[in-house]
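Dropping the structure in here first, questions after.
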Amino acid sequence: MRELREQVLEANLEVVRRGLVLYTFGNVSGISRTDGLVVIKPSGVPYERMKADDLVITDLDGRQVWGELRPSSDLATHLHLYRSFSEIGGVVHTHSEFATSWAQARREIPPLGTTHADYFYGPVPVTRKLTTAEIEGNYVHATGVAIVECFGNRDPLEAPAALVADHGPFCWGRSPDEAVHNAVVLESIARMATYTVALRPDTSGVSQALMDRHYFRKHGKTATYGQS
Amino acid sequence: MRELREQVLEANLEVVRRGLVLYTFGNVSGISRTDGLVVIKPSGVPYERMKADDLVITDLDGRQVWGELRPSSDLATHLHLYRSFSEIGGVVHTHSEFATSWAQARREIPPLGTTHADYFYGPVPVTRKLTTAEIEGNYVHATGVAIVECFGNRDPLEAPAALVADHGPFCWGRSPDEAVHNAVVLESIARMATYTVALRPDTSGVSQALMDRHYFRKHGKTATYGQS
Amino acid sequence: MRELREQVLEANLEVVRRGLVLYTFGNVSGISRTDGLVVIKPSGVPYERMKADDLVITDLDGRQVWGELRPSSDLATHLHLYRSFSEIGGVVHTHSEFATSWAQARREIPPLGTTHADYFYGPVPVTRKLTTAEIEGNYVHATGVAIVECFGNRDPLEAPAALVADHGPFCWGRSPDEAVHNAVVLESIARMATYTVALRPDTSGVSQALMDRHYFRKHGKTATYGQS
Amino acid sequence: MRELREQVLEANLEVVRRGLVLYTFGNVSGISRTDGLVVIKPSGVPYERMKADDLVITDLDGRQVWGELRPSSDLATHLHLYRSFSEIGGVVHTHSEFATSWAQARREIPPLGTTHADYFYGPVPVTRKLTTAEIEGNYVHATGVAIVECFGNRDPLEAPAALVADHGPFCWGRSPDEAVHNAVVLESIARMATYTVALRPDTSGVSQALMDRHYFRKHGKTATYGQS
């Protein structure tokens, strides 16, 4: 777990360096599937002072098993994602400005180019609005439920992010640093999508063939990108 | 008062580091409620050379009680806010570009997402236009009057900022550095609101339930955010 | 002239530091009115290597009196401004992105807020398009003529900048560094004007009274801003 | 070839420093026309760790003659450009955000100002969409074919860039660093074009006379810009 804590700390610091979070907004977690334990950023602690020892460890039901600080207020969303998406190893939530603007506009980000298709197979989905009962009840958990719901049967690693309506993006990956990498790319994609729809409001986006070509160039058994 | 001067100096430097001001635009002040004295940035002094000793101290009627330099030209606005909003301890004025653009457009910033709701309970208001008589008369004071007026019975700490029409934002908080923190967040919110309304001009913003959930998660007796 | 060369060098470096120029785009000059001599950046020399000795000195008719390098290709525009606007001491030309975008859109920048009114009394004008004969003839000189023409009887120091249609901004001031300061502020004003007209396309801008109040707070005999 | 490898390495690092690429997106190559050999970035290697020895050398048919790493996945596009455009010495591909947004909008960038005309004689073209057969077949090669096709009889050095529809920009020049220089300028032009069309959707762009004046001021036998 020490190694995972170092990875999660580093991933939390990386979202700051990449300009995705302001102050203590945002949080990254990682999971050890063998231990069934999740490491997450503490709530409201400034990044400059954060140490691996400040990170909190809980089980998949949210019982705190390590750490004196209170975990991120978004813990229950992270946990629901880990329980529902069995292949993911890291989750990150930011209020990065362009992805959040799409979330606030309650628009999914359509695949408008190959940068998108290199990472997301199809649109980045946006969740439905939560009901008043969900907001007033177990709100943070309900946020996770809405994310999982908008994926349906879709493979969560084929579009490793969702825009929570009126809120902001949650991203994930096989590890905490892959989750952060996806969050950085999502912000760039959201920025370009904003400019693209300004330049061509009726854009139809990439064809299925181009999406397939780019996505499967980087993912799956037939991937050819990078070094083998 | 020495400690307050150091805090106000640091808060003035922080608005520069955060990219909210250009040259000598902008000013931060702080108040000692026990002494009834206000510490404010001097007028037109470059930030690089500013020292705690350059700051000016006045009473709540604007009588200078310390310092050889002339106080910020916005002093009378700050003083009116301190006299009217008894719980605030710091005030900051910037020309940060996105908040100023909303002020120039004379549009209040509606609560379009949870980032907004975490800090501002309801819209960030915009003042009415000042009358010619006000502009030609006691203009700086009238600016403060217009800010207070647009709050009515609203608690000024529940939306710690106002956009002065055709001018720019004034923000406040319980202390000078909280005021600056709010100014930084306001600029981010204004930026996201600009993109959001471009993506969805008819956006309705967050529901009352979501606003309540987020605002009271961070503020008031039931707050759960951060470490207790 | 040595001191002026140092000032002009420093002003040229400052436009780079402020992010107003890319590569060797842009140029700053300064004039010694007593000597009738102009110091200007050489053409196409990278800023990193530029020394005061590389600057070129010419008289007001463009005869080179010092320096081995060829002067900026925009020299004739600078000279026409110095001949026509007798009170200016420095001129700067950049392709800063927002001011250039307004120039490319052939729109004057209307006074939309007090930041504008603090520096520019009325709109930042845009020149007419040059005729084919002017473009094919003494083009660089004709650019200066068009700038002067769009000022008419207006005091050039009351709006120390013009947008050359399809090209970019020229700014000036009482000295080279004041010219650069105005260019930096112009870019910020242009940025805010871009967002403001997106948020409110029919904006009417500041009232005459507000313009007067802000402009004369910083300029002329009744100025109160800064230290006396 | 050692010198060329150093140049290509430096050019690859420069696109990162200029903010044109995120992670391992983007790639630069250079050609030795005398040797008929192309040096290109390896696929998916982080820029921070890249050394000249990591670069790959191939002949113009793509046969790898040096290097242990796999070449950039865009190699076939680079090679087709080198075979078709005999005067170019360097090629760069990025996903720089504004140029990519125009590519995603499938809009050519019209010449809206003199910054454009200083570098590109006429619009920056956008390729047609590839057919499904091309995408599913020799896709990377087909991308090069589409670029060359959209130039027709146009001199590729008179507009040293193309926007690949739904993808992003390819730029070139007489050398790798000139290609990168053009890519940096293209991004600035794309940014200004985005703002310009927002400010004036029906803009007609520069006149033929102004285009000629600016383009030939910097290019060809009659060029006067810079030092001789």
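Lettered A, B, C and D in written order, each chain numbered from 1.
Methods note: a residue touches a chain if its C-beta (ideal position, glycine included) is under 8 Å from a C-beta of that chain, and two chains touch if they have at least 3 such contacts.
What you see is a predicted model, and the numbers here were worked out from it, not measured in a lab.
Different-residue interface: chain B and chain C share under half of the residue numbers found at their contact. Seen from the Cα centre of chain B, the chain whose own Cα centre is farthest off is D. The best fit of Cα atoms from chain A onto chain B calls for a rotation angle of 90°, in steps of 5.
Centre-to-centre separation between chain C and chain D, using Cα means, comes to 33 Å.
Measuring from the averaged C-alpha position of chain A to that of chain C gives a distance of 46 Å. Under the contact definition stated at the top, the residues of chain A that touch 2 or more other chains are 198. Counting only pairs that meet the touch rule, the chains in contact are A-B, A-D, B-C, C-D. Of all the residues in chain B, the ones that touch chain C in their complex are 22-25, 42-45, 69-70, 73, 95, 97-98, 100-107, 129-130, 132, 135-136, 139, 166-168, 194, 197-198. Listed in rising order, the residues of chain A touching chain D in the complex are 112-115, 181, 184-185, 188, 191-193, 195-196, 198-200, 203, 205-207, 209-210, 213, 217, 224-228.
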